[in-house]
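Heads up, the next two complexes both have subunit A, just with different partners, subunit B and then subunit C.
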Partner chain A sequence: MIHYFDNCATTRVDDDVLRILNDYAVEKYYNPSARSTFSMHVANDLAVARENIADKLGVSAGEIYFTSGGTESDNIAVLGALRSKRGNIVVSAIEHSAVFNAVKELGSKGYEIRIANTLTDGHIDVEDFLSKVDEYTVLACFMHVSNETGAVNDVKSINASVKSKNNKTVTFSDGVQAVGKIPVNIRYLGVDLYSFASHKIHGSKGVGCLFVKNGVKISSLVFGGGQEKGLRSGTEYVGGIIGLAKAVELAQKRLEVNTADFVNYKKVLRDCLAGIDGWRENCKNDVSPAIMSLSFQNVKGEVLLHMLENYDIIVGTGSACSSKNKQSRLVKAIGLESEFSEGVIRISFSKYNTLDEVKLLGDKLIYCVNDLRKTMLGQKI
Partner chain B sequence: MIHYFDNCATTRVDDDVLRILNDYAVEKYYNPSARSTFSMHVANDLAVARENIADKLGVSAGEIYFTSGGTESDNIAVLGALRSKRGNIVVSAIEHSAVFNAVKELGSKGYEIRIANTLTDGHIDVEDFLSKVDEYTVLACFMHVSNETGAVNDVKSINASVKSKNNKTVTFSDGVQAVGKIPVNIRYLGVDLYSFASHKIHGSKGVGCLFVKNGVKISSLVFGGGQEKGLRSGTEYVGGIIGLAKAVELAQKRLEVNTADFVNYKKVLRDCLAGIDGWRENCKNDVSPAIMSLSFQNVKGEVLLHMLENYDIIVGTGSACSSKNKQSRLVKAIGLESEFSEGVIRISFSKYNTLDEVKLLGDKLIYCVNDLRKTMLGQKI
Partner chain C sequence: MKVIIIRYSEIHLKGNNRDFFESALISNLKNSLKKFKYEFARSNARYIIRNFDETVLEEMIEVIKNVFGVHSLSVAEEVETDYEKISEAAIKSAPSSGTFKVSTNRADKRFPIPSMTLSAEIGGKILEKYPDLTVDLYNPNNTVFIDIRENGKTFVYGEIIKAVNGMPVGTGGKGIIMLSGGIDSPVAAYMMAKRGMSLRAVHFHSFPYTSMQAKQKVLDLAKIIKKYALRITVDVVSFTEIQTAIHEKCPEEYMITIMRRFMMRIAERLARQNGAGAVITGESLGQVASQTLESITSTNSVATIPVFRPLIGFDKDEIIDISQKIGAFEISILPYEDCCTIFLPKRPVTKPRLSAVEKVESALNVEELVQNAMSNIESVTID
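And then the complex of A and B:
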């Protein structure tokens, strides 16, 4: 049995979602854009999924667009929202690479990119962020939950402050690590654009969602049959979308139970780790219960990760989506001291984790860290 | 039991593919970009899928890119291939809306769009197409198999002629209705870019493929974690991709049997229809065995389609992907006489169809067409 603690990277598909995927793969496989009554039923099922998701997130069905995933949602938000040819874009230093690299692309097209600082625990430095917003700011991007430390930003407050400085600035929050993991009501948050992905909450890979507030104009990146009101052409991955509605529903139902469990899991791990020195929890306040980022002094996170695999334990090192890049922007942004900076691991929980698994993780973490430090000491002598 | 004859719109997922989808949803669900050994195994499985697909299509693994579907593949091809800021683009009048509308988008950005005529059976008018290619042609788009009539264009010959007029022109063929349905060796065809989609060949919706010939430069439309060598960032829909490799393999294995069956199915339908007047087969030569486009005089295709549903028979009217538009570009392009133009239905076969089903379709077609004509006659009196 695998003890999987990398649920920020991706998750196991829920059995209820799987039943939906299978149903739309071999029974209701009809193309929702075709003319038969069977196709119309499928199109109707899509409409119901859209309404259910909107309802769960406090918005209208007409504001929900389905995409191929978080990255595409983020890109449509960043690249599709601009209405003027110039201006500046304010973005936090810890945005997911899908947002950060899309913004960088705009930099190469003549927009001025202003990168706001991050606090040492991974929260956005709100003061610095707001100081960068001015009358020429066309887009402001501030993620909801950091995929690296779990830091939860006060999206409602940041949004209100940005809008009060410049009410024409389009505001976007990446909610990929928020939806289904902390309470999310997009209307309450007030942002113009909000994105999330299915595979982070026990839905299928290959499906994402973008909220576009009524009245906010957005352009598409691809063109074709006019699906998703023209914003995202292409035959819909129907099972994936209807499965996403189920995944959101299941996640919201379980939110309280998960939160209590995960808070307890963190406590158990802290108690375990109290037995050793030289570690820190990278974000302790205003943090997602689902994410625990730890740094170990004089230990390489990646070596630790592979050692834990010997016990069938999987943890993460940072964002899976930027693992091709050598160093995390986050580690730089939060200014981790050098002896801690290579020893980062990210533990992220799901409903499939048990207390016994967490205790095993705690025990093996101590064992492996001690062992690695002994080996290093041996090498030094 | 449903008798499904709209396999150009989409297909039922094959059971072998479904097993793969399920396996990667609940067992090997790891993110291929994460650092664990389990993730590396998944990344390796993706590499094997890429090699298998490349091998089946006569190209190299490094030339195969996975996307979210045919529409995205077409859009990357059209919007990502251009290296100069101006010039003309030659496109056939019958391209799929994903190609046609992406090209139209370029028209709004200052490129000159030249639309080549179509012959009356839906083939590209090659002479007209080539006459439009000149030293300023930056992109030429000629689809492989028409999704409306099934007309198979001589892609190899068109490509060679375009290149001999201007060897800098990037050539692109949309192979969505070709791969798995007729023999396809992309290297033999010689084009720079070639696209196809999984859900047309019993794979999952939400997955597509783009071939980019070695040495051809192409830009991405989305930015992020750098997956697919940076061309298509975003967590891969792993099961869908590996399922696509299986779908291509299964389709190629069955190509000869399918072709013989489908050729026979067409003959059976023609024999049935010999009993009534006032119909035509829109494309009879150089046509995909999988597609039979029929026009019935003084009959509305959509009404016919819904009548056939009473017998649990599903056929198509035209491209599902452009069904939101009122009239098919194809019907206009091939110049169907007005009394035929509204009576188009598209029958498209798959391996799940049986001879008995085809005979049933033939019988019910005659019955419904006769009935509709009687009703119309009654209305006129």
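And then the complex of A and C:
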């Protein structure tokens, strides 16, 4: 059996979602835009899914757009939101690549890119962020939950502060690691644009969602049959979307139980690790219960990850790519001292994890870290 | 009817060995073309491919072009040796602007019009059709070739497509290529395959210190090499025990030198096991610490069979050019840890003395470590 602790990367599809995917793949596979009554039923199911998702997130159905995933939602948000041809874009240093690289693309088109600092635990340095917003700021991007440390940013307050400095600035928060993992009410947060993806919450890959607040204009990057009110043409992945509605519903139902479980899992791991030196938890306050980022001194995260694989344990590395020149933006941003910076691993939980698995993870972590340190710092003649 | 004419390169120089070289080339061509339907015929000093599906013509050319031993190829119209039919085909093969000439080869002397006369007459007909053309007998942009064969058929074509040259794979013995996953080794493999060598590869893998992705990357590179070398098997050697032993028992600065000596020993044993007569490496003089003359001396001294280093005099840029040309570059630069980077010493020795290396190495039970590694090999044949 595989002990999967990389639920930030992706998750196992829930059985209820799988039934929906299957149902709309082999039985109700009709194109919702076609003219038959069968198609009309499918279109209705789609509308219900949209309403359910909107309802769970505190917004209206007309503000919900379906896309092919988090990356596409982020790209539409960043690239489609701009109305003026010049100005500056303020972005936090820890944004996901889907946001960061889309913003960089705008940099090459003449916009000024302002990158706001990060605090040492992965939170956005709000003061620095706000100091970069001015009357020429056209877009501000501040992610909700850091995919690397789990730091939860105070999106509501950042949004309000940005708007009070410049109420024409379009505000966007990437909620890919937030929806279904912490309480999210987009209306309460107040942002103009908000994105998330289905496969992070036991839905299928290939489905994402972008919230666009009523009145916020956004242009399309994909042209075609005019689906999703013209914002994102292409035949809808019906099963995936209805599955997403199910996934959101299930996640919200379990949110309290999950939170309690995950908080306990973290405590169990901390207790386990108390037996060894030279490690730190990269984000302890205002952190998502689902994510635990750890650094180990004198250990390479990727090697530790592969060693854990020997015990059928899957974790993530803190940075997508630790090798050679490609130090993670996050590691740079949060300034981990160098003997810690290579030894980052990310543990992320889901409802399928059990306490026994977490205990096993703790034991094996200690064993592998000790073993690696012995090898890497080995005896010399 | 459209046919492909394939001309071979140096092989015709080989006198009595010609049959050996030719049968290797034919077998390699047929092997490379096995997904296509066609008829294959030998004609003097060339091969003719007939009755293929014209929609896959471009794809077939791409394949043939990359078979070592092929010098060039042409797509020709094969017509009855008949004046009208020849001129019709010649007009079809002619360019519509620029300069041109017609070149006739009359192997069948029964055809009544002499070569020069025929070239001039056909040239005239082409000019009538395309008045924008100019004749240039010495340095034309295009040449229309007319090849009158003895069997009553004539080939007419307007282009000679250059191929890779080299020697047919299988005619140059067999070598073990040390494949690391970097840019250089696939290029070295390509260079030796080009000289007719059959290849087998060895890769040293140090799980968990290197990832399964790093191993997969090497297998992906082997797939690229297979396009040229036609067959390849990769022996994936588990190197973790050796690396940790060296790391534990030898001074850090000798890590790479001693590691490379182990790799060479294992490669040589694999060569002997598999009927190979050489080890091939991607080393280029002075590129990194392990590629100085002194380091190469230390590594080389454990080998008793020839070690070929086809890139020894190449600059990195030249290597990258070939890597891109053969389609390996994009894979080579994927960023996974390879076994050389994980224990990389901060200051490796750049000029190790052999006696010092041997002394340092004596802390290890070399034979036992090599034997353990030899008994822990996964062989992957790329298909």
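Following the convention adopted for this analysis, the second predicted complex is superposed on the first by the 371 of 381 C-alpha atoms of A that agree within 3 Å, B and C clash if a C-alpha of one lies under 4 Å from a C-alpha of the other, contacts with A are read in each partner's own complex, and residues count from 1 in each chain.
Keep in mind that, in the parts below, a residue touches a chain if its C-beta (ideal position, glycine included) is under 8 Å from a C-beta of that chain, and two chains touch if they have at least 3 such contacts.
Here the structure is a predicted model, which means the values were calculated and not measured.
Enquirer: Which partner does A:Thr375 contact after superposing on A: first (subunit B), second (subunit C), both, neither?
Expert: In the superposed model, A:Thr375 contacts subunit C only, not subunit B.
Enquirer: Go through the superposed model and pick first if A:Gly69 touches only subunit B, second if only subunit C, both, or neither.
Expert: Only subunit B; A:Gly69 stays clear of subunit C.
Enquirer: Please indicate which partner A:Glu342 is in contact with in the superposed arrangement: first for subunit B, second for subunit C, both, or neither.
Expert: In the superposition, A:Glu342 contacts neither subunit B nor subunit C.
Enquirer: For A:Glu148, select first, second, both or neither according to whether it touches subunit B, subunit C, the two together, or no partner.
Expert: In the superposition, A:Glu148 contacts neither subunit B nor subunit C.
Enquirer: Which of the two partners, first being subunit B and second being subunit C, lies in contact with A:Asp45: first, second, both, or neither?
Expert: Once the two structures are laid over each other on A, A:Asp45 reaches no partner at all.
Enquirer: Is A:Glu357 in contact with subunit B, with subunit C, with both, or with neither (first, second, both, neither)?
Expert: Touch partners of A:Glu357: none, neither subunit B nor subunit C.
Enquirer: Please work out whether A:Glu302 is in contact with subunit B alone, subunit C alone, both, or neither, and reply first, second, both or neither.
Expert: In the superposition, A:Glu302 touches subunit B and subunit C alike.
Enquirer: Spot which of subunit B and subunit C makes contact with more residues of subunit A, would you?
Expert: B
Enquirer: Quick check on my understanding: which residues of subunit A belong to both its subunit B contact set and its subunit C contact set?
Expert: After superposing on chain A, subunit A residues 302, 305-306, 309, 321, 323-324 contact both subunit B and subunit C.
Enquirer: Spell out the part of subunit C that touches subunit A in their complex, as residue ranges.
Expert: Residues 207-212, 244, 247-252, 335-337, 341-342, 363.
Enquirer: If you look only at subunit B, which of its residues touch subunit A in the complex?
Expert: Subunit B reaches subunit A through residues 2, 6, 9-13, 15, 18, 21-22, 25-26, 29-31, 33-39, 68-72, 74-75, 79, 96-98, 101-102, 104-105, 197, 199, 204-207, 221-226, 233-240, 302, 305-306, 309, 314, 316-317, 319-325.
Enquirer: Taking the complex as given, what residues does subunit A use to touch subunit C?
Expert: 300, 302-307, 309-310, 321, 323-324, 326, 375-376, 378-381
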